[in-house]
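Report on the following structure.
All chains are identified by letter, namely A, B, C and D, in their written order; residue positions are counted from 1 within each chain.
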Amino acid sequence: MLSAVLPALMLSLPLLGAALALLMRGEGHRVFSYLCSAASAVSAALWSVLVLLNGTSTFVLDIPSAMGDYAIRLDPLGALVLLITSLTFACVAMYSLFSREGITSRGASLFNLFMLSVLLAMVADHVLLFLVAWEAMSLTSFLGAWGSREDQDTAAGWKYLAITHFGAALIIAALAFLSISSGQVRLSEMHGLSSSLGAASSAAVIVMVFLGFGSKLGLLPFHIWMPDLYSRSPSTVTALLSTAASNVAVLVLVRFVFDMVGVGYQHVLSLAIMGLAAITALWAAWQALVQRDGSRVLAFSSMENMGLILLTLGAAMLFQSYGAAEPAAFAIMAAMFHLINHTVFKALLLMGVGTVRRAAGEWDLEKLGGLARTMPGLSAVFLFGTLSVAALPPFSGFVSEWAMFKSLMHAEPIVDPLVRIALPLAIAVMALCTAIATAAYLRLYGFTFLGRPRSNGACHPRPLERVELFPLVPLAALCLLLGVASFPLLEELTSAVSPLVGAAGVQVIDGLSINFLHQGGLNPLGLSALLAVAILAVFLVLRTLGRRQLVRSDTWDCGTPLDRRTQYTPTGFSQPLLRVFQQVYRPRTEVREELRPSQYIRAVRFEQELPELFVLHIYRPLTSGVIAVAMRVKRMQSGSIQAYLAYLMITLIILLVVLR
Amino acid sequence: MADLLSIDTINFLAAAILLVSLLVMASTRMGQLVRSFAFQSMMLAAISVVLAHYTGSEHIYIVAALTLVVKGVIIPRFLMYSIDRLKVRREIEPLVGIPASLLISGGLVIVAYYVTEPLISSAEAVTRNCLAISLAVVFIGMFMMISRRKAMTQMVGLLMMENGLFLGIISTTYGMPLIVEIGIFFDVFMAVLIMGIFAYRINQTFETLDTTFMRRLRG
Amino acid sequence: MVELLLLVPLVTALLCGLSRSERAIYIFSVAGSLVAALVAFPYCYQAFFEGPVDTGLWYLDPLSGLFMVVIVTITALVSLYSVQYLEHDRKEGEANLKDLRYYHVLLHLFAFSMLMVVVVDSLGLMWIAVEGTTLVSAFLVGFYKKSEAMEASWKYLIICSVGITLALLGIILLYASSVSALGENADTLDWSVLRSVAAQLDPALVKVSFIFILVGLGTKAGLAPMHTWLPDAHSQAPTPISALLSAVLLNCAMYGVLRVHILASEAVPGFSSSLLLFFGLLSLAIATAFILTSRDLKRFLAFSSVEHMGIIALGFGIGGPLAVFGAVFHVLAHSLTKTLMFFGAGNVIQKYRTREMKEIKGLGKTMPATAALLVLGGAAIAGSPPFAIFIGELFVISGALAQGDYLVAGLFIALIVMIFAGMTYRVFGMVSGRPQEGLPDGEIGKLRLLPMLVLATVILLLGLFLPEVMSDALGAVVELFGVSA
Amino acid sequence: MQLIDLLLNLIEVLFILLFSPLLTGVIRKVKAWMQCRQGPSVLQPYRDIWKLLRKSTVASNEASWLFLMIPYVCLGAMVCLAVMVPVFTAGPSGGVGDMVAVIYVLGLFRFMMVLGGLEGGSSFGGMGSSRELMISAIVEPTLLLSIFSVAAISGTTDLSAISDHFAGLGLNGLSPTLFLASAAIFISLMAENSRVPFDNPATHLELTMVHEGMLLEYSGRELAMMELASYVRLTMFMVILCNVFFPWGIALGTGAGEIAIGVGSITLKLLLLSVSVALVESVMAKMRLFRLPNLLTISFTLSLLAVMSYYIL
């Protein structure tokens, strides 16, 4: 009974919310509209808990479509992702309400519709329903992201829409192909189709879905929409785009690749996917380091995290293709765990950046700084998110990244030298990514919250109301909780992903440690406790020396008074790494000295431009090429009626002569 | 014997129709154009009469009469009237020069024969030549519309296409159901009328009937 | 009985022509088109579910039913939309009462001729009706009497007349091809009769005949490269008429092609399909180029029509139950969606007094309701779910994959992705941005939003649900093509 | 985990905390000798820390709440590290002795320290932080890869188990992989702990400094904690180097004799390593900042080779 009411509530409340926001006037109804979405999130969470307790639940909806009746289905893996997604939705809804970001009727209705499409995409068990929900997700997120400011150019949002539609087209083709060749319209009825499809077709399908879903996740070279969209959209939208939408993409991708199609013997394909994912992650880490806008940093961070997740999934495919089901299960588990953690910390960080932007009125890291003193609460929750995304113990990102590292260390049973070279390389890339990305997060936190304010806005930010922080606190708590005590989640995840690869009875929890195949486990709880005890011990021991006397004073200034501009800038901060990786960034730097008549240098101008290489070398030539061809074709419409008649005649004569 | 005579007559007339089409391509005078068209239509009517006699179906007589009246008299008159009012005497500088036009027209005739060759083998005696010729006349009419500038010439080209078409109709099918035939006549007549109205309006707006000036809408 | 249906638009045209006041014209026009719709729907039902209605002169089968639904629905919406569109023109001094009368008489005559196309049995009469549509609508295209309008209607008239002449040649050859099966004096052009002997038609003649009909009627249906008249006529006609041309007239011509396609594919299996497939892809490709580069809003939409006619041709060309279903559904989806887009464009153009898309900015601010509907329509016309066009395209892709035409499917997908990009870039570009100085906010006329709202709702619902009665009806159409859904 | 293990861990922590300043003293002394100076007493670091501990703290006006918390986290992390890493006994770690986790705890230390460098709002802190990150961006993957190679040999990532494995193998355990990896880790040690070719721990000249720049705003007790944490970090690197690659003598059980041998051997090894660090520092010149990546890349390549050599040889 309850298990039927909850999904109904989950899907109908957002519709109600959207309708309320559109039809009614006044602020109160927008409040109700966000409450509707929060309530829907709660019912989604409850439903997923029920599913976790009682097992998969399926509903065939008595709604005729062009392809038979619609159906929805929630399996345990979906339930786990849905659970965390719905919690995020609830937090973001509350955040919208309290911070009044996106509280317009358009914003509220789109929020509800986006939520509906995400939920539907997660639970859809019908080809058409999934495709509709998937594309509706793109459309509603685009509409929510775009045009929030009047002067905005369309290009940023349009890039997103066009690229994501390209991805959708690939998915559509793949799904249509699967549906036709299996004769099924229910996704849950398709299993291991690769055996009937043959190697070439299943490889093609896997490539299509990887690129298709990858376009949403920022897989190279489809990433170019991400930074622009993130920097120009309300944080409530990006927080969901980066988390909820990515969750759908990864969840369905996993179902596609491992369950519906099945990996088969695609060694080379798996390696290629790993390669692409690795380059994506690395590229994103590099780019995150040099961005001036916090949202852009986080956009690239999403891309980096998704790259790592796809890398791990690629490794899982590799294991699976060699018949090593258990390492594959572990790798998928690690990837899904990271996905869940990413949801929490990324939503937190994006809303945090949004709050900073609204409070200080600045987005440029060059103009922020010192906000930890004026907004201590925000800086504290943001620090939780930062530590988590930087994968530092005892926060959630650490545990999942550890698991991803470990999953790459399972090369042992496979003797193919290619694999034995590829996996260590993957580890090297992952490590490099992590290190560089950590630097980027550190830069983001440090230059937003620490040091001296670099502008008036940062100096006197609008004071935050306490309620604005409320929605962020549960997320921050989850960052810590998922890092400290994630055993139940991991066990559920393992039992949910094992059937996908046909590995039965995989155990990842050994006593208090996460431990699997390879010896050497991690006890997150123990490690966190140890860390806490150590810090506490240091504190207590030093307390025995008596209370410290604290004197406040100016920063040491070598005798020259410091002002805003004597600080290190974020740009300067990333210069050393930028110089180390010059070949990657290819910066265009210009240093100009302005001389006085007396030949003393009066001023030095330093200009540096980091070209968007993918736009420059792929997209621009591509679009200009297409447009050039189009312009050539356009000449046929010359305006001359004689020419038009000639086309008619020539077509006719050619057809007659060729086909008579 | 009589049948053979009829077939010969029809073939002769059809060849004449083709010849008129070719001659029209060589002419630049509007009046000549319209008169040629009228002549062509009359020959078409003659073919119809012969055919009606040959097949003995009476409604083809009606068709023949209609052809004579509508295409041989009314439409040419209307066109002459328009030419006088709109003061378009001749086609200056056709887009494709006269010698080239004639060569291409010849080519089109060959194409028409080539295309109809597989059809002719299966068709009846009357049809053989006429189908190819009708196709050739259609092609030449179309080519006239492509190679000439004036709106009036285009109208005449279209009408010649219709003539070719009509030759095809009567030669292959010995006439369609009467209601269809009448409908087609009505349509052709209305089309000419409406085109005439538009030609008049175009002359008013553009102060010329040269269609090559109408190139505002492009891309 | 069918005569009654045809009589309604004629009487409406007559009443409009006799009316002395503006108000009366509007009332007659709207009421007449609604009555036509009411009268037509029972016939459509009959056509879909109770087998073909064959009364000698008239012939109604599911295919006619489908196009009849499209014709009466769109005509009703267009006449409703025309009210405030023309009121605005009157206010601006673009049209006087005489023009108004003239417009409505022609509008209903146009509807009459299009209905005629789909209800007659004889291919010859169908041809007459198709030519009739050209002649009537040429005046509507030239309604504004500006030089561009003149140019457009001249091109429309000439090119379509040439095309239709070729089509008649094709019909004659088809007739000739039946001689061997039906005997010398069968004296019939009736489609139903031809259908019964389709397998015995002379293949060589049928091939040539189909080429002529495809090129001839394809000209009118807007298949590239014969589509050249289409952007001119669509851009110059009054916008409601553009909607009618794009959503209905093209379909009527396509109807003729399909009729012959059904015969030809029985006589010469595969021949007509491959031609349709070729022209479908070519139309898509050429339309893509223009959609990416168009600057004029209405030309842009016109090329989108070329694209969608291409998709319909492609779907029928691919064949197989899925693709044909997709194409049949697409006929419906495209007419509804394109009408919505043209209505939106009409609002915008009258408000901004320009068709240049670069000069149209900030619709979201100036006309929020139109903007919202345009965004929906833009997403829909570009093939995004959850709208109807997506379903059509999905089925066409599925059909191509099911037939093993991977190359066709790949090309199709590549082209529609490009079109999506071009389409959304333009539409969203108009909605966002800052409107020009001194443009007052607000819609022009609330009534014109009503048909748009109806259309938007319908295409959304059609994208999500397919009621059983509809799937049965469409299934009946699909069966005509010798494949069962 | 047995009580005795707990106790041993506690002793290890104390051992490390008390012993690490001495190692720094030894390095300084050896370097002084190499420069023909007498140098400060080896006990000088103890005196420094003791003095600093009793001084009052001066904090910058710009510094936030985080500033004063950072030293606790840093020192705490190092204490934690001392528990995680086997020092003289290779007992069971209870799931906290994972090598990847060790690197991440080191990462936590670095992260906090670098944040501390940004707190004051002066250019020195930023400069130090920025340079530190440049170095660590390459050092971290190097460390992970070296560890991966060792883990691949021993089949585990648990440090105690690795020590156990290599101690059990004795001299048979030596392999090219191990040498390459240890060389990579040695270079990382020098880089991470701001030793000479990378940084000069004895200077406060802004053009060269990395580590000291970040600590510039700290004073009093906080400075003492940061300094102690840095000493511990150096020691822990050495311990890892010793116990992973040359674990001979490490106590495998909890017998008193074994432990005594363990303590003795680790003390000896640490002193030897300190002397060699000092020697390397003395014979090398400080490198230009932007030459550093070359050296770091060499260490990265070494570690990659270490992994490859295991799989390919």
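As a working rule, a contact is a pair of C-beta atoms (placed from the backbone, for glycine too) under 8 Å apart; a residue touches a chain by one contact, two chains touch by 3 or more.
Only a predicted model underlies this, so the values are computations on that prediction, with no experimental measurement involved.
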Smallest count of steps, each to a touching chain, taking chain C to chain D: 2
Two chains sharing the most contacts, counting C-beta pairs only: A-D
Centre-to-centre distance between chain B and chain A (centres being mean Cα positions), rounded to whole Å: 69
Rounded Å distance between chain A and chain D, as computed from the means of their C-alpha atoms: 35
Chain A and chain C: spacing of chain centres that average the CA atoms, whole Å: 43
Centre-of-Cα separation between chain D and chain B, whole angstrom: 99
Multi-chain contact residues (two or more partners), chain A: 634, 637, 641, 645, 648, 656, 660
Sites on chain B at which at least two other chains make contact: 115, 118, 142, 145, 154, 211, 214, 216-217, 219
In chain D, residues with contacts to at least two other chains: none
Full enumeration of touching chain pairs: A-B, A-C, A-D, B-C
Contact set on chain A toward chain B in their complex: 634, 637-642, 645-646, 648-649, 653, 656-657, 660
Complex contact set, residues of chain D against chain A: 53-54, 56-62, 64-66, 68, 72-73, 75-77, 79-80, 83-84, 94-96, 98-101, 104-105, 107-108, 111, 114-115, 118-123, 125-127, 129-131, 133-134, 136-141, 144-145, 148-149, 151-152, 155-158, 161, 216-217, 220-221, 225, 289-290, 293, 300, 304, 307-308, 311-312
Residues of chain C defined as touching chain B within the complex: 122, 124-125, 127-128, 131-132, 134-135, 138-139, 142, 145-148, 150-155, 157-158, 161-162, 165-166, 168-169, 172-173, 175-176, 179-180, 184, 187-189, 202, 204-205, 208, 231-232, 235-236, 290, 293-295, 299
Residues on chain B engaged by chain A in the complex (per definition of touch): 95, 111, 114-115, 117-118, 139, 142-143, 145-149, 154, 211-212, 214-219
Chain A contact footprint on chain C (complex, rising order): 154-155, 158-159, 162-163, 166, 204, 207-208, 211-212, 214-215, 219, 225-226, 228-229, 231, 271, 275, 286, 288-290, 292-293, 322, 329, 362, 364-365, 375, 379, 382, 384-386, 390-391, 394-395, 397-398, 401-402, 409-410, 413, 416-418, 420-421, 424-425, 428-429, 431-434, 463-468, 471
